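If you scroll down you'll find the structure; I have some questions about it.
A, B, C and D are the chain letters, set down in written order, and residue numbers restart from 1 in every chain.
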Amino acid sequence: MEKSGRPFSVKRTVKWGDCDPAGIIYTPRVFDYLVESLEAWFREVVGVSWMELNWEMNMGMPMVRVECDFVRAPRPDQEIEVEVRVRKLGAASVTYALTGHDGAGQHYFRATLVGCFIARPDFKPTRVPDEFRARIAAYQAACGDG
Amino acid sequence: MEKSGRPFSVKRTVKWGDCDPAGIIYTPRVFDYLVESLEAWFREVVGVSWMELNWEMNMGMPMVRVECDFVRAPRPDQEIEVEVRVRKLGAASVTYALTGHDGAGQHYFRATLVGCFIARPDFKPTRVPDEFRARIAAYQAACGDG
Amino acid sequence: MEKSGRPFSVKRTVKWGDCDPAGIIYTPRVFDYLVESLEAWFREVVGVSWMELNWEMNMGMPMVRVECDFVRAPRPDQEIEVEVRVRKLGAASVTYALTGHDGAGQHYFRATLVGCFIARPDFKPTRVPDEFRARIAAYQAACGDG
Amino acid sequence: MEKSGRPFSVKRTVKWGDCDPAGIIYTPRVFDYLVESLEAWFREVVGVSWMELNWEMNMGMPMVRVECDFVRAPRPDQEIEVEVRVRKLGAASVTYALTGHDGAGQHYFRATLVGCFIARPDFKPTRVPDEFRARIAAYQAACGDG
């Protein structure tokens, strides 16, 4: 469930199938959580979906770098809220800070993702479009960042 | 396919279902590649599978930190070789350096993963067992590292 | 998002990463949708989570048969509602009918899943516990089925 | 690992991350195994990859129906061989029979998948191209089927 406030966040319940025989989340699934949260953020804040960005506008925003600290391992049925903030708005790239927490101060993971705008079909980096830039900067301001 | 030489590596073909509508690998799938390669390495080099480690030895080695640079986006049908090296063997943690390349010098991604040995059921960090430590150190030496 | 009415259903937005380079959902992801909907249904209607069922009650309900007709291929950003109904309540097994639709009459997929209650650790079939049976039968009645 | 004999099969080791907290494969992952085996079969037998089929030939072969019986639940580290046979070669559709076994007579799952050739971008069913038809029929004959 997406929350319309600022910072933007997505709530999800850790699924049985997200977890491995250790009974905790399987590490790669955390990156599904992160990228899916960023996708939802992009649709709401930037105003276009990744499908529109790629198939209609002939652009894209692939990740060029990801780092993540796993503070505590989520277990099945736990509710996790993934919060998305913008740390840096560059010429072609945007640096995001995402945090997975339980809404009561317990952190599960903290990540930094760097996405770079590219033009298709050659995937060369391209400037963040002005309209997008304005919306992202407004989001930063609404979050008290930037 | 796992190669028995040193450094240890796993070859795989990028699957249609690993890729998204942009026609390149979906970012979280790179972490599946990384962790699956580490799982195969662990079974061969340390000599026990993660299932045995968790369900028989009551231990585990969850990731505590991951970072990854995406140098070039893999596309369906490309062959990628993921090489696993050990960068640092700590008291309870092991730092791994994984590289995804095409065997001809083209890199796709470069990652650092830090795993920490824990004792179940409380998931408290525990010393790398001596037998494991000896095998991991021997692997480092065989790779010319450490 | 789960809806509390009857029949029980789960709403979800088709994600970018659920889709392949054809721009439609990658077939195996439909089974993720189906099983995740059943997991949510189980938690709400039967009253225990699969984690509790397995790790606390030493039981389980693995699938023994699945069939699915793909009526129309979902695309990124579409909203799909997966509805769960109980078609047959057997001695040890339960037959579920799941439908993925858009809430306006358009069907995407229609599936039948058969789950069988088992006792751990030998995974032998076991009778549906009476308390569960009563709740499942009540659900059938509330849906006008059974 | 793909085997070049007939019937065509793909060998794989059940991964830690394919399994859930019950310690057996998570049901939807079986469909990943099935569709990935079919993808490998298609590349070898039909002679084009799904990427080429979709992005170069403007066609596709989405699944229209899948059914699967889960005979025995695979566990981490087990080797499974998925064998692909063609049961029926229709005008636009092909019916596949896939079996997951351990090479020693133990079956894990048995599935039927029906794929339908379509023309992009409208996804209307289209006749199996003659060249493909010839190769698929030859495969059936080589397997002693059809």
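Note that contacts are C-beta pairs under 8 Å (C-beta built on N, C-alpha and C of every residue); 3 or more make two chains touch, one makes a residue touch a chain.
Every value quoted in this text rests on a predicted model; they were computed, and no experiment measured them.
Counted by residue number, the contact pairs of A-B are over half the same as those of C-D, the matching pair from B-D, B-C or C-D. Chain pairs A-C and A-D differ in how many C-beta pairs they share in contact, with the greater number at A-C. The mean-CA centres of subunit C and subunit D are about 24 angstrom from one another, to the nearest whole unit. Subunit C has its Cα centroid 28 Å from the Cα centroid of subunit A. For the pair subunit A and subunit D, the distance between C-alpha centroids works out to 34 Å. Along subunit C, residues 16-17, 21-23, 26, 28, 32, 35, 50-51, 55, 76 each make contact with two or more other chains. Within the complex formed with subunit C, the subunit B residues making contact are 16-17, 19-23, 26, 28, 76.
Residues 1, 13, 15-17, 23, 32, 35-36, 39-40, 43, 49-51, 55, 75-77 of subunit A are the ones that touch subunit C when the two sit in their complex.
Taken in their complex, subunit C has these residues touching subunit D: 21-22, 24, 26-29, 31-32, 34-35, 50-51, 54-55, 60, 62-70, 73, 120, 123.
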